[in-house]
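Each of the next two complexes has subunit A plus one other chain: subunit B in the first, subunit C in the second.
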Partner chain A sequence: MSFINYSSREINCKIVYYGPGLCGKTTNLQYIYKKTNPDSKGKMISLATETERTLFFDFLPLALGEIRGFKTRFHLYTVPGQVFYDASRKLILKGVDGVVFVADSQVERMEANLESIDNLRINLAEQGYNLDAIPFVIQYNKRDLPNVVPVGEMKKGLNPRGIPDYEAVATDGGGVFDTLKSIAKLVIMELKQGQPG
Partner chain B sequence: MLGSDLVMYEEEFKQIDAELNRLLAQANAKVVFLVDKNGQLIAATGETENLDTTSLASLTAGNIAATGGMAKLLGEKEFSILFHEGQRDNIHISIISQRVVLVVIFDQRSSLGLVRLRVKKSAELLSGIFSELLKKVETGKGAAAGGDSPFAEITDEDIDKLFG
Partner chain C sequence: MILPCDCGAKLKIDNAKIAGGGVRVRCPRCGTILTATRESVEPAAASPPGARPGPQSSARSRAPEGALVLVAHESEEARAMVRDILVEEGFTVDTAADGTEALQKAMESKPQVLLVDVGLPGIYGFELCGRLKDDEQTNYIKVILLTSAYDVSRYKRTPASLYGADDYIEKHEITEYLTLKIRKLLYPEMFEEASSSDAPPIQISTGRPDAGEYEFSPESLLHDESNAAAPESSMVAGGAAGQGAEPSSWLDTFIQQAQDGSAMAPDSFTLESSVFQEAEGSISNVDESDPEAVAKAKRFARIIVSDIALYNQEAVQDGIQNGTFFELLQDDIADGRQLYEKRVPEAVRSGNDFYQDAFDNFIEAQKRIVR
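And now, the complex of A and B:
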């Protein structure tokens, strides 16, 4: 649910990074934070445990510039990936405009990916959203590791609909901005279609 | 109001801004701001120069969401008021019309009693403004009043430009 302010001429959209524990959601945001012009970003907030596991969410506001005279802001959120934080995950999906699913490419995490994407679908449905109908992209992260599942196989398991998907190495930034750009585009196009009259 | 975008027009924004300013003065508060339940800052007034209002808005919404989750587990509809007491500053948070969140930051120049009293009055007024706004958005009148939709003409190039 975006916020369109005709008074201050701003559009704010909410994008949520979802995925299993330790797949690199926070790393995606950290890279974006690191590489963004200081003028266009706010503080990055991480509600994490002492061992740097996300406890509630990370939050990064990004001002990308103007579209047709409207300042465009994206609020990026991550969810806590660990299975037992499901109650918190549901809360963060409230009012979401677009979802990035970050998959961990390692063979041993494939099951966790599948479980997490099912969990995403269920939690979205609880909020009244259909995963097949909202802006959604997938990122196959950690492609630099030796024990990765071939992309074709990951697509088969996680992306049967053939939505936009990207290979990434979030630690060095590969694919991070491609993913962000793709979801931003889908969210804005959705705004365009969703306009009344 | 699931699925509908929050839209703000000039007219309502002015009304809201005026009400927040009135509350700021009457409650002797430092800062007053209004946040959408999803964490979008709607308006802010008071000593906001050195305050990261965007982050505060997001955390307020997270706070309200977590408290709402607790309420559900207890079989409550919501906990409509939250209060955080600090050594110097205090925060009073209240939910209005189940949709927006009013936040008042105050110090020893004011008191919890005064803030609660004034917030109650403002909440009724703000609630009225928001129901008008929702009506306007639903009937689509606002879009016409606000001129052409800025989105109708968006192209791929516009979006590419955002990323330089």
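And now, the complex of A and C:
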């Protein structure tokens, strides 16, 4: 749940980038970090391994303007994607306000996408969240690779409800900010709906 | 007696088996040869904080009793468990349930060590660490990050950065290694010098501004042969004095535990750690009577294989080319099987070994690509 600090007039929202191992979650955050005004961002924390694989999570605080006089700060997180790290994923999902599912478009990772999105649904449900009810967008990443699944097929498998989805090449930034703007908008809409007046 | 090895193992040695000249033992974990000799340690008499031990006491161990450890964890049960372990070992413990409370207590009570859960609510563990390390008033505090990242034995990597923390520990290691890690941080000299029986007493600053200095002599744990002639009664007396009473220091605890020991064994401190297992909860099982269960089990097996291959591309290539795939990746494969068996109901697993099938199919596919 978003954290509202009335004394400092700040709203803190938590967005989690979820997806299978090596799908590009960290690359999304790195690009956002690289391209964001230094005044708008905090230090990017990346608890990664020596081989740059996300170990616990990445964390990037990002200021995105004001809502009714409250500074809105988004905290972006990634999860470790490998099947082995489910305990970490559960931990990181605690208090989430919005989820970006980063799918790896390569044909050999389609099963991992499906497993990961199932896992997301289960882990959210364990904490009382319904994936169909929280702000949620999907990104089809690595669209520049030769062995990708057609977007229509990916939609069929991963996005039967037709939620906002975007094609992306996170390494060069394509689709990264579209995805971020979309989830931020959904989270803010949710916040406004939850506020009186 | 308990003989700590630098690798973290604790060897329990029956005092009766230690001859006058000592006994040499090999650490079963790392293979290091350690020498255990008869102890002649008396519990150190209490002295006021800041008091400098005289020449007489410098030949003995001055226990670092009472070092304050702040334990920050969301779970009350986990806090209680860690507190019990540390108090038992002679530490003073305070606790905090969230990041804000932990920050406040760290500023006010100035602990020597902060054990902080990475996922602490309010302020994350590494953020808290950053704040304390950036502040001159608190940057001396030794910070140990507590992680819950792993529920497997080996499938892990060492973090490239701890964001200023001095060490980290995984939850399942708490009972075995926490006190050792704390001591290594507070009294590193003890571990560097422990093998040198001739080393002079070392002055150790606790880092706590008002706690004064303690003195520790490594001989207290590993006596040289000249000390081996000292009467065993001193150790017995020390232990007897402690019987039925609260241990006055971690060294006393060592001695007490040593007296209970009848055989040499590593990992001899096994305390209840189930409170941490909940956080490592397993993934929900599939319904074993559902025909879809088989398809799910197969898919899960393939994904484990895919993940292992993705993160070990070089080994996979070598293994396929040289026929050493299972050898090169044996640890990962074993961890994967553990996860597979945890997730897939036995009824589904008992029919076919889908996990092995997934590897066989993967290797076949890779060979076709190579051809």
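Just so it is clear, the second predicted complex is superposed on the first by the 195 of 197 C-alpha atoms of A that agree within 3 Å, B and C clash if a C-alpha of one lies under 4 Å from a C-alpha of the other, contacts with A are read in each partner's own complex, and residues count from 1 in each chain.
The definition used in the following text is that contacts are C-beta pairs under 8 Å (C-beta built on N, C-alpha and C of every residue); 3 or more make two chains touch, one makes a residue touch a chain.
Not measured: the values here are computed from a predicted model.
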| item | value |
| --- | --- |
| Overlay on subunit A: subunit C relative to subunit B, clash or fit | clash |
| Touched partner set for A:88, first subunit B, second subunit C, both or neither | both |
| Subunit B versus subunit C as contact partner of A:80, first or second or both or neither | second |
| First (subunit B), second (subunit C), both or neither touched by A:22 | second |
| Contacts of A:111 with subunit B and subunit C, given as first, second, both or neither | second |
| Partner chain in contact with A:68 - subunit B first, subunit C second, else both or neither | first |
| Which superposed partner A:127 touches (first subunit B, second subunit C, both, neither) | first |
| Residue contacts with subunit A in the superposition, subunit B compared against subunit C | B |
| Subunit B versus subunit C as contact partner of A:33, first or second or both or neither | neither |
| Partner chain(s) touched by A:4 [first = subunit B, second = subunit C, both, neither] | first |
| On subunit A, the residue positions that both subunit B and subunit C contact, one per complex | 45, 47, 56, 59, 87-88, 90-92, 94-95 |
| Subunit C residues within the subunit A interface of the complex | 118-119, 121, 124, 126-127, 147-152, 155, 157-161, 163, 279-284, 299-300, 302-304, 306-307, 310-311, 335-336, 339 |
| Parts of subunit A lying in touch with subunit C, wherever the complex brings them together | 20-22, 45-53, 55-56, 59, 80, 82-88, 90-92, 94-95, 108-109, 111-112, 114-115, 119, 122, 126 |
| Touch list for subunit B against partner subunit A, complex | 2-10, 12-14, 36-40, 42, 52, 54-55, 58-59, 62, 65-66, 68-69, 137, 140, 142-144, 146, 149-154, 156, 158-159, 161-163 |
| Complex contacts: residues of subunit A adjacent to subunit B | 1-8, 11-12, 14, 42-43, 45, 47, 56-57, 59, 61, 64-65, 67-70, 72, 75, 87-88, 90-92, 94-95, 127-129, 177, 181, 184-185, 188-189, 191-192, 194-197 |
